[in-house]
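Multiple structures follow.
Here come two complexes built around chain A, the first alongside chain B, the second alongside chain C.
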Partner chain A sequence: MSSPDTAQPRAADAAGPAPPLGPGPAASGGRLVWRPRGTDAVQTTASLAALVLMILVFSVLDAQFRSWDNVVAVVDAAAVLAVVTVGLTFVLLLGAIDLSVEGVIGACALTVALLVANSRTGLDLGVLGVAATVALGAAFGLLSGVLSTRLRIPSFLTTLGVYAIGLGVATILFSGERPIVEDPWLGDWASSRFLGFTIVSWVAAGAILVGWLIQRYTRVGRYAYAIGGAEDIARLSGVPVARYKTAAFAVAGAFYGLGAVMATSQLGSGVVQAGSGLNFSAIAAAVIGGTLLVGGRGGVLQSMIGVLVLTVLQNGLILAGVSPYAQQAVQGVIVVVAVAAATWPVRHRLGVVK
Partner chain B sequence: MSTDTAPEVARPSEAPRQPDGSSRVRRELVRFMPLIILAVLLVLLSLRNPDLLTQRSLTTMADSAAPLMVLAVGITVVILCGGIDLSIGALASFASVLTALWVPSMSGAVVVPVVLVCALAGVVQGWIHIAARVPSFIVTLGGMSLWTGLALAFSGASTVAVTDIAALRWAFTRIGGTVPSALVIALGVVVVLGAVMRFTPFGRWVASVGHAEPAARLAGLPVSMVKIAAFGVSGACAGLAGVLLVARTFSGAPTLGESLLLPAVAAVIVGGTAITGGHGGLFRTVVGALIVVLLRTGLSLIGVDAGFEPIFYGVLIIIAVSVTIDRSKVAVLK
Partner chain C sequence: MSDPVLSVEGLTKRYPGVTALDGMSFEVRPHEVVGLIGENGAGKSTLLKSLVGLVTPDAGTIRVRGEAVRLRGVAHAGSVGIGMVFQEQSLVPNLTVAENILLGAERSAVRGGIYRWRAMKTLAQEQLDKIGSRIDPGARTDTLTFAQRQMVEVAKVLTIEERITGEPVVLLDEPTSVLERDEIATLFAQIERLRRRASVVFVSHRLDEVLEVSDRVYVLRNGQVVAEVDPSAVDATDLHHLLIGRESGGSHYHDEAQRECDGAPVRLRVENLSTAGCTKVSFEVRAGEVVGVAGVQGSGREDVCRALFGAIRSSGGRVTLDDQPFRLGSPRSAVRSGVGYVPSERRTDGIIPPMSVAENLSMAHVGEVCSGPVLQVKRERGLVDHWVRRLGIKTPSPDTAIGTLSGGNQQKVVLARWMIDDDLRLLILDHPTRGLDVGAKSDVYALIRDLAAAGCAVLLLSDTLEEMIALSHRVVVMKDGEVVTTVETPKGAKPDPVVILEEMV
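Moving on to the complex of A and B:
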């Protein structure tokens, strides 16, 4: 599904020096239609197979797993992670990383809880409050992007800094008293259902669609592939790299903001730790799905496969009675294995890995 | 100092940088900036609040500085190699849980197995980083999740109290009634590690790997072993920091060390060790840790909301990195 997107940077790869993960010269003809091209496609295919296998195994082992109620539960549980992962995918496509997710979500969760009808402020902005929160998320993303591109600092450090800033903003807004959401409209996001699924799940579906459209049809999305594929070549081709990198970070931030709104609706109040654990899960989901950390590979839909893998695994293990803490430990291992597996065949060509 | 651009693989897009007058002044300024900042901070804060320099307040500060210093010194070795270790906070938490669980059976000797386990954890992370060629921040991010998960599982997600307080008294007492033993331990770590770096080839190897890894490899240095050892040192320091935390709070908890990652990274970078590797040293990190602790104490003295503390670390990290980073080393910034 992403072959038209990557066609342009890949052609550039062939001419450029040492593409990071390009296919061998023999595969550059593109005549073979159904041959997984590149390690990202292998990863995506493997993840789909793993997902199907997991669903089969859990269904056979556990009658509760294969109930319709559980399907709904899995989708509802995946919603927030899915939206955050859509955002993070844009940053990963650049070849950058975003460690600010939990901080941004904390700040946005408190913001939305204080802007809609709540127990602490007299505000009742409703939809406007949600929009402002998404804008705040985008502003945090913009900050990460501007700092990374203008100060020329690796993104894992700028976003680590922005994570801390977001956490601080959240703590200050929290100021010792939890704002309880009293807006019935936002409360309904988590409680009322449409065709069986919660509104939050439908919002997530909409967000995934929007994310895919941005990736597919806007310059932010398409240049993200070009920049992630080979940044120096994109720059030489006249792509305003810094501007579109910053824009991709801002798009990601907007999705974190939306994720914070959804999480706040589910929690019923503004919580500083609303995003706890989400950053790592989102990176894990994206990588498992085939959005590689080297950049330029994968995409929103591939990342969503990873989200499903993680959520189904979590759901199945909970039903099987495995401790959620052990699952966190397992998730750490899975990510490292997934990253290693993605680059394993070409690891000797990677040069200096810091 | 003047050789920092020499072993570089020259990038055609970058103009070759000569250490001309202005850049040398700047470099010297950057070099001594941490000490100047520390002195200015000390003067300003003690003018504002004379209580800062009382023995009571100084020992309190030293107590809180000790675990931070141990953590920061460990991660300095990794950063000097050009890598990063994001797992140290989680590993310190894990160590605190292990310590609290093992004190009943091992008493004060618990520090040995805990530090060994954590060193092993670091070595494993380093080995994966080398063998699978996965960027260090990903391996250690995975480690962060793994150690936190294990700490939560081992402790049942709750605080484990240490009832045998005497067992760890050595790590939280006053030597001669005045000097906090934790600070002595922390400085001891600095001295021992500093001596190893200074008087064995290890220090030069670490700096060479950080300066120019391909050149170090071609020169026949055991690059992989050096990097793995660096992660081992970082892990061991995280373990010791965990023990110090338990000694101070009389309990181990799965999130005890989590909040120390940012200040530790800030201490290393503010001290003047470049995130790109090669430049810096343990002593600088000690200065950086003192700056971070002074700032933290100073902020609360002035009465700033505690919520500003993380904002402060964030801004500090970004500013300090942008000053100390060697941009000729990173061709494409990811």
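Moving on to the complex of A and C:
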């Protein structure tokens, strides 16, 4: 770590009035106490521990859970959520929120089903169709970003609008007749396996890697951290904040587009509701993993821990025979508990909560 | 004599009701450390903000190396060679040191949008080497101490050297206010080092520090430069007098209205109160007494006030109100015990701008105008009309949004909010006249006199010592979180502000 410039690295604690443990108020007279150190790291460690604990408990309870087949099943089940969560992570890093996921996925699911060989159109674009769908997802993200930054409308509202637009586009494309995917290549994504896992899972692994590279090595990724960490300071330093916010939304949209392609492959046809339930799960997964809604904290890999927590939980509950209705409630409880735990160290600073 | 690097001529900035800069002029020559001192409200912060383009002056010229510039923001100021180390710091906490130093101007560390971490660390290290810092460029910024982050900021400011021809001007805004003693020594050594490659403007209200570090000192008061002094030829007492100046006579403060209260019972007794910013503070306030709390920024006096009102947490101590134990918990319990608080940041903490005068006035004691949960509009109207008349609040109607009134009238509403409580026992005034014009100040002084005469205990924090001394019966002086002394300020025998100032710094 750093070698201190001054006498002792924690002079603040050594002398005078000791602030209460952990984070203090940002500016309360005496010493300025910086933001809580590594709150997100604590959160990630905690969720990793929860994941391990859950796996242990389910393994003891149920022999079927610890079988290799079940491991594969969990990974395959996590694939679409993982890709969507990678995308959403970039928006959350900004300190913004994206509620357009299900709409964008709906529109993209219909688009890809109609562009590859299918029962309704004469098109057979194959990989080009997939690329076009990912581009459409990015375009939706671009729209959310432009609306948020140029019209200065909170992302909460713009993305809710884009959600509705996406579902509308999906419904128009659907036009009463479900397009069945007849492209064998795309069909193979969900059915053929490589080293035991479906192609969809491998695509997800690739997407996670790409997401991590974007986060670590590109301006879009690094500036997302800067904007989420302290937007005004980033602006003062000359960062074109609006442009990079918009770019982050576009990156997120591209991942939703890819998620739609994967879901469509699994469903075998273009479905308007292909993304149903994914928005909540993706936000929950990201937050559980340590990508907090305040922005600038967490990241793609942390979010993936959250994805595994949710998927393992769901899988374990199914094997344990818990009703699917109860599962949703359990998921809700877990999200609330996780968020409360994540913000616990800074609770006394949360003077106004809306 | 060499030409000035930076010169400011007749800089003026007016805000509604206040003139922050009133034709300010000064210059900075190459490799010079220039000190700027002034009390709160003297115009220091507005001046600095103008110099980095965060405030657009109404009139006047800023020249850099003889050329007039119109600054559009921090990044633009950097491109002409003016950089500032902000008091509240301007680093993104969740990024690495290297990213912060180069943020927005990464140069060869980012090619085609792709980060090259090794190049980034090398470039950042070059900046850190300029100031001889051993901070790891790969460290996350929020793991550093305040003093270390300040060094990172200096390194970041020096990146403007690569963008300009010639040497930069570095503005240091109250750089020592939250540093420990040994850290200050490190900073001063750094300033000596810095002057070899830049000109430095050092802004502070700590006179001894300004005298120690500066080649020349400008004294600011009321938005103007009132004196330019040579640090080797003056002592702190001379500067104190220049700093405080002389305003108007006694009638401004309604001196004749100050009542003796020696025999009055002790209303508030504070014993060993501690918070994050103050340690074992003890003092008393009698009924009808006005007690001032003096201290520079970081002395912990704001902490004492906010802790008493329950707005921040206290970590220990005993407080009694009329000899009854007084639990420091929340503002709500304080209000219920008859304690009121007028915050220093009126617009953000004192009023709710879009709500009406009436709503803002009755806010703290809604019970007075309600029957059960139902608001009695007629009763509220009667109460509000009474106070608007009594305090001479100038408002078109009680339903006018308070945000549209002048600062003085807003403040009267805030005071009335507490005065409507017949059982008000203690009123804490945190800079009650900040941002008010002379007439409005005088009105607020009269109200404070009235409150004290009616037996309310008043705890007063003030921007200027003159005001505090004039209004108070006693002044408690704080420094570094502790009470250092108490100065009696009785009617007719007011001490010289310098006596208190010398205890403060």
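Operating definition for what follows: the second predicted complex is superposed on the first by the 316 of 354 C-alpha atoms of A that agree within 3 Å, B and C clash if a C-alpha of one lies under 4 Å from a C-alpha of the other, contacts with A are read in each partner's own complex, and residues count from 1 in each chain.
Everything that follows uses one rule, which is that a contact is a pair of C-beta atoms (placed from the backbone, for glycine too) under 8 Å apart; a residue touches a chain by one contact, two chains touch by 3 or more.
Please read these numbers as outputs of a predicted model, since none were measured by experiment.
Novice: Touch test for A:G168: chain B only (first), chain C only (second), both, or neither?
Specialist: In the superposition, A:G168 contacts chain B only.
Novice: Which partner does A:T218 reach: the first (chain B), the second (chain C), both, or neither?
Specialist: So A:T218 only meets chain C here.
Novice: For A:A320, select first, second, both or neither according to whether it touches chain B, chain C, the two together, or no partner.
Specialist: In the superposition, A:A320 touches no partner, neither chain B nor chain C.
Novice: Is A:L53 touching the first partner chain B, the second partner chain C, both, or neither of them?
Specialist: neither
Novice: Just checking: does A:G296 make contact with chain B only, chain C only, both, or neither of them? Give me first, second, both or neither.
Specialist: second
Novice: Would you tell me the residues on chain A in contact with chain B in one complex that are also in contact with chain C in the other?
Specialist: none
Novice: Given the complex with chain C, which residues does chain A contribute to the contact?
Specialist: 1-7, 9-12, 15-17, 19-20, 24-25, 27-35, 37, 216-220, 222, 225-226, 228-230, 233-234, 236-239, 296-297, 348
Novice: Would you pull the chain A residues touching chain B in the complex into a rising list?
Specialist: 94-97, 99, 103, 147-149, 151-158, 160-165, 167-172, 174-175, 231-232, 280, 283, 293, 295, 323, 325-333, 335-336, 339-340, 343-344, 347, 350-354
Novice: Which bits of chain C are touching chain A when the two form their complex?
Specialist: 73-75, 78, 88-95, 97, 99, 103-105, 110, 113-115, 117, 133-136, 139, 142-149, 151, 178, 180, 182-183, 186, 274-279, 298-303, 312-313, 315, 480-481
Novice: Which residues of chain B touch chain A in the complex?
Specialist: 13, 82-84, 128-129, 132-139, 141-150, 152-153, 157, 213-214, 262, 265, 275, 277, 305-315, 317-318, 321-322, 325, 327, 330-334
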